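Two complexes are shown next, each including chain A; its partner changes from chain B in the first to chain C in the second.
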Partner chain A sequence: MLHIVACIKQVPDTKVIKLNPKTNTMDRTSAPAILNPYDAHAVEEAVRLKNKYGGIVSVLTMGPPPAVKAIRKCIEIGADEGYMISDRAFAGADTLATSYALTKALEKIQKDTPIDLIICGKMTIDGDTGQVGPGIARRLDMPPLTNVNKVVEVNKEEQFAIIHRKLEDGHEVIQTALPCLFSVEKEINEVPFSPLPHMIKAARYKPTIWAVSDLEDVDKTQLGLKGSPTIVSKVWPPEKPKGGEILDGSPQEKVEQILSMVLEKKELFQQHKEGV
Partner chain B sequence: MDLSQYVGVWVFIEVNDGVIAPVSLELLGEGRKLADKRNVPLAGLMIGNQVTHLSQSLFHYGADSVYVYDDPIFKYYRTESYMKAVIACAEEHKPEIILYGATATGKDLASAVATDLETGLTADTTVLDVDAESGLLLASRPAFGGNIMATILCKKHRPQMATVRPKVMRACEPDTAKSGELIQKSIDVKEEDLRTKVLEIVRETKKVARIDEADIIVAGGKGLGSKDGFAMIHELAKVLGGAVGASRDAVEANWIDHHHQVGQTGVTVTPKIYFAIAISGAIQHLVGMQNSGLIIAINKDPDAAIFQSCHYGIVGDAFEIVPMLIEAFDKALHKEVQYG
Partner chain C sequence: MGEKFDVIIVGAGPAGTACAYTLAKSGVSVLLVERGEYPGSKNVMGGVLYRKMMEDVIPEFYKEAPIERQIVEQRFMMLDEQSAVTFSYKGMEWDQEPFNNFTVLRAKFDQWFANKAVEQGAVLVNETVVESCIVEDGKVVGIRTDRPDGEVYADVVVLADGVNSLLAKSLGFHKEFRPDEVALAVMEVLKLDKKIIEDRFSLEGNQGCTFEIFGDSTKGILGTAWLYTNKSSINIGVGAMLSGLIKHKIKPYQLLDYVKNHPILRKYIQGVEQQEYLAHLIPEGGFHSMPQIVGDGVLVVGDAAQLVNAIHREGSNMAMTSGVLAAETIMAAKEREDYSTATLDSYRVNLLNSFVGKDLKKYKDATHHFEKFPHYFEKYIPMMNKAAGQMLTIDGTPKKDKQKKIWKEMGTAGQKFSMAKDAIKAWRVMK
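Up next is the complex of A and B:
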């Protein structure tokens, strides 16, 4: 029986978030809080592996109390258990401090049921780093496997897994020892609509919530802002380009203008000629 | 931590199938500027199997010295083996800055190294600067889906590390007269201690031009309305011999595979010509293509943000203009072939 833990995060939907032009900060109230889209695929993959091999799926998040909603979303997808660490001491954590805090929670989860596999999304859409997953793997001394776009096999008996790892121009087929950590690409699966029983369970679900004091062997200097080697020194809106020239004329005339400016770059079309 | 012990700028040199990744040369170009401003040396850190001979080219591209781990154990990139080499080298020689390409390899490696060295790592940097006096690295990157730029500092830990997006920095002109110091390194990593094994590497056949290498990209967006509508993007790309790009919306609508996505959560591209067709120009798309040589936008909404970020714009219906472009280019390029 596999014990798979998916690490997830609630994020503002950066597609609709607005910038406060006076303070240059993100107006988080302008965007709905959602389950990080990559993490939905992480949970879905965990659920698929559970259905294939048998086991349980736990999800873990760090965040303020409203992040319970993101855990409920994971229960809808098919997770069995939800854990959340929530404490002011975690606030302002960068990727290093985040992986430390999540690791402390994973160690506690691990005490009851040893973990075979941890799955994270490729990255979050608010932080855009992808650094937390490998950080957790290093701290738990598991092999990190990033950019996973296919899980071929998980063999608990013989303690190995085979996966595809996406590269810029193809993929690697990797065999890894268990336990290990995957961070997964979106293309790994499609998240279907949740079945009704999951929705009902999710609506009533209350995750286990831990504060710092509930975790063991915590070095508080490694938490939150204090434990973060990086700081954001300033933010500014991206430079506004001055804008291009809008072409005049009839559609035919516009097309001709484009044609001549593109064909002017003759060197781009050399191969066409040579190819014949 | 005594920060003054840490001196020099390093670039992790990524080698794939015996070829130096272009981003590594770009980072030597950028690293050279940082090192000169600080008046410190620039070094490459190269790991692989039978890679030592590539050092010459690193000197030509600006490195003062190159640390090389050349061993069959490093034939394939693996986090655990490469990480050990980077950590050992950094602990011994104490660089103030290490830069990595923000590639699958570079991001994976840097994340693991940063955790073990307990230092700061800035992801997907697009602007770098250094304070000449303090040596503080100013690593700036788009955040919140490209809605803002943020400058990240790592004040109390060394080395300061960043992954840097490919195609953003510029390699310098290679100077073949330039040489440097080659420093052979070795580390005891045994196969039986490694928990992962690369069974196979599958390079996808290049039936279509790779978007991150293409000179011409034709990209389509939400305004095309459907997968059928998107088909003419493929057609125009084919006529021009270019690659197909897409906005996030088009990818999320499943009109095209996300390998083609240009932007913050996709690929950064710098083709010579970029067609943005029926793409509104959300900031998250713009950060991925704004350094293209010639940007031509077609959109029926005259207020679309894309017109602020293009060189030439056509306000018009893509369904009218694009078929005309396909026909015109087909005629023009076909004719040239006949006479050529």
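Up next is the complex of A and C:
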């Protein structure tokens, strides 16, 4: 039986979030909390593999108590079980400390039911780093496969999987040993409208919640703010692109205007001295 | 076959949630289905929540519910183009527990309330539209939703799906409402600094006030405008009978623009930032428009049953009371294991005997009367304002001469006679 764990996170919806104009940091209360959109695809992929090969899908998150909502969303998508680690000691964690804490939780899950595959979203929309997945894989000593945009086969008996990795100019086909970790692109699947029985199950669902004291062999210095070497030295908003120009007049006039503007940009027409 | 619950409730507004809470608290298995992203996400209300009926559901709810302000002053304004006659009551007894009523923002309040029902054990499913009732042998036995595998079953289905209930309509309980049975309302939530609100409206701490504005605010169409204070925003809106809007060819947002720019009102909303724009129907047909509300295995509550007292802008409280009464009837039916129309009919009887039925009966002709005779709004309010203005303008004219002049301006003896008749008629429908 295949056991797939998806690591997920609740994030503020950055489509609507406001920035604090003084500190340039996100005002997290200004936006609703949602399941990180990439993670929805991770869970969906896990559910598809379960439907294809049989098995169970668990999801794991680290977060404050309201993050239970994100786990429920995963149950709606079709996950079977949800685990959450929640403790003040985890607060302020960077990607290093986060991957450490999640690894400790995965080890605990593993004791009950060995894990064959871990799937993460490509990155979170509030942090944008994409480092947690590979961090977990290193700590668990399994191959990390990033930018996965297609799973061709997962073979538990022979302990391998074949996937596609998205590259800038095509894709790479890889065969890997199990257990391993994928972090997946959005285009790997479409998350469908959940069936009603999943919605009802999710509405009732109570995930397993662990505090630090429930985990084993934890080095507390590696948790939370203490375990986070990342220093944010400066936060600034990206430069606003200069607004374009809207041309007036008849189509004929507009074409003339744009041609003369293009022709004025001499640098576009300079001959390349060397190279291609 | 889908799962079976004791009760399915469609719609997590005040009516559905009050019903779900009451049932779940007594251990009845309840599925509450809401189409919005979360309860309240699309719900609209001017904003006055009445303490009494909410406390019948959750005592001392105000200690933890997301309320905006406790209302200590209610102003009533008769507006003309350039003038207003205002009557107001402000009472400090309303500033103390248990309070009289509150302003709320429904998006927050409904969500909180529904969570309370969930804490009692109700199962809440959001983002799901109920498309129809499952009817077998003339009995409602469940619902069909827009989701895959979307059927669920129950002994009783409660329709709390709000004004213009499509589900009650598809069961044949009512026809499409006529334009003189519903009002169309538009409202804006305008952000304003807490401190400015308190200074501008003479409020201290968490005190709030409400304005109800009649007359020119709806250009004489039957309806009202309102302005309510929240913690750090103001709700301003206008609602008018759909039939009047159609007749006068006025769009509701034009009325709202007019109100916002009215010389007497615009100062109150100076310096605001628009936060939300909302539009909604209000069922205002009253007692005469009440549809069938009981059937085999089905009950209708709240706006879906047209339970709104338009004259006193009460709706959410009637919704809650109807939800509680429906729950009580269902619990009694459950003991007898009989969900037939005959058994469930005690809901209708109890509703009509409660304040809901009594108030709806008392005002059963009021909206229709004012709708039929628009001159109450079009003519009498300007006349009264003019009279007040003249009496209070000190220009050396003796008061007696002023009264004579006002009396003369009120028209010929015949016109005065019909005015007196109107006054008596108005008294009759309101008494």
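Everything that follows uses one rule, which is that the second predicted complex is superposed on the first by the 238 of 276 C-alpha atoms of A that agree within 3 Å, B and C clash if a C-alpha of one lies under 4 Å from a C-alpha of the other, contacts with A are read in each partner's own complex, and residues count from 1 in each chain.
Throughout what follows, a contact is a pair of C-beta atoms (placed from the backbone, for glycine too) under 8 Å apart; a residue touches a chain by one contact, two chains touch by 3 or more.
Please read all numbers here as calculations on a predicted model, not as lab measurements.
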item	value
First, second, both or neither for A:194, with chain B first and chain C second	second
Residues of chain A touched, compared between chain B and chain C (which is higher)	B
Which of chain B and chain C A:64 touches, first, second, both or neither	neither
Which of chain B and chain C A:204 touches, first, second, both or neither	second
Contacts of A:243 with chain B and chain C, given as first, second, both or neither	first
Touched partner set for A:92, first chain B, second chain C, both or neither	neither
Residues of chain A that touch chain C when the two form their complex	192-197, 199-200, 203-204
Of chain A, residues touching chain B in the complex	12, 14-15, 17-19, 24, 26, 94-96, 99, 125-131, 133-135, 137-139, 143-147, 162, 165-177, 180, 186-187, 228-238, 240-247, 251-252, 254-259, 261-263, 265, 268-269, 271-273, 276
Residues on chain C engaged by chain A in the complex (per definition of touch)	2-3, 31, 118, 123-125, 127-128, 145, 147-152
Complex contact set, residues of chain B against chain A	76, 79-80, 103-104, 107-108, 110-112, 114-116, 118-124, 138, 141-157, 195-204, 206, 210, 212, 215-216, 240-241, 248, 257-258, 264-265, 272-273, 282-284, 286-287, 290, 294-297, 302, 307-316, 320-321, 324-325, 328-329, 332-333, 336-337, 340
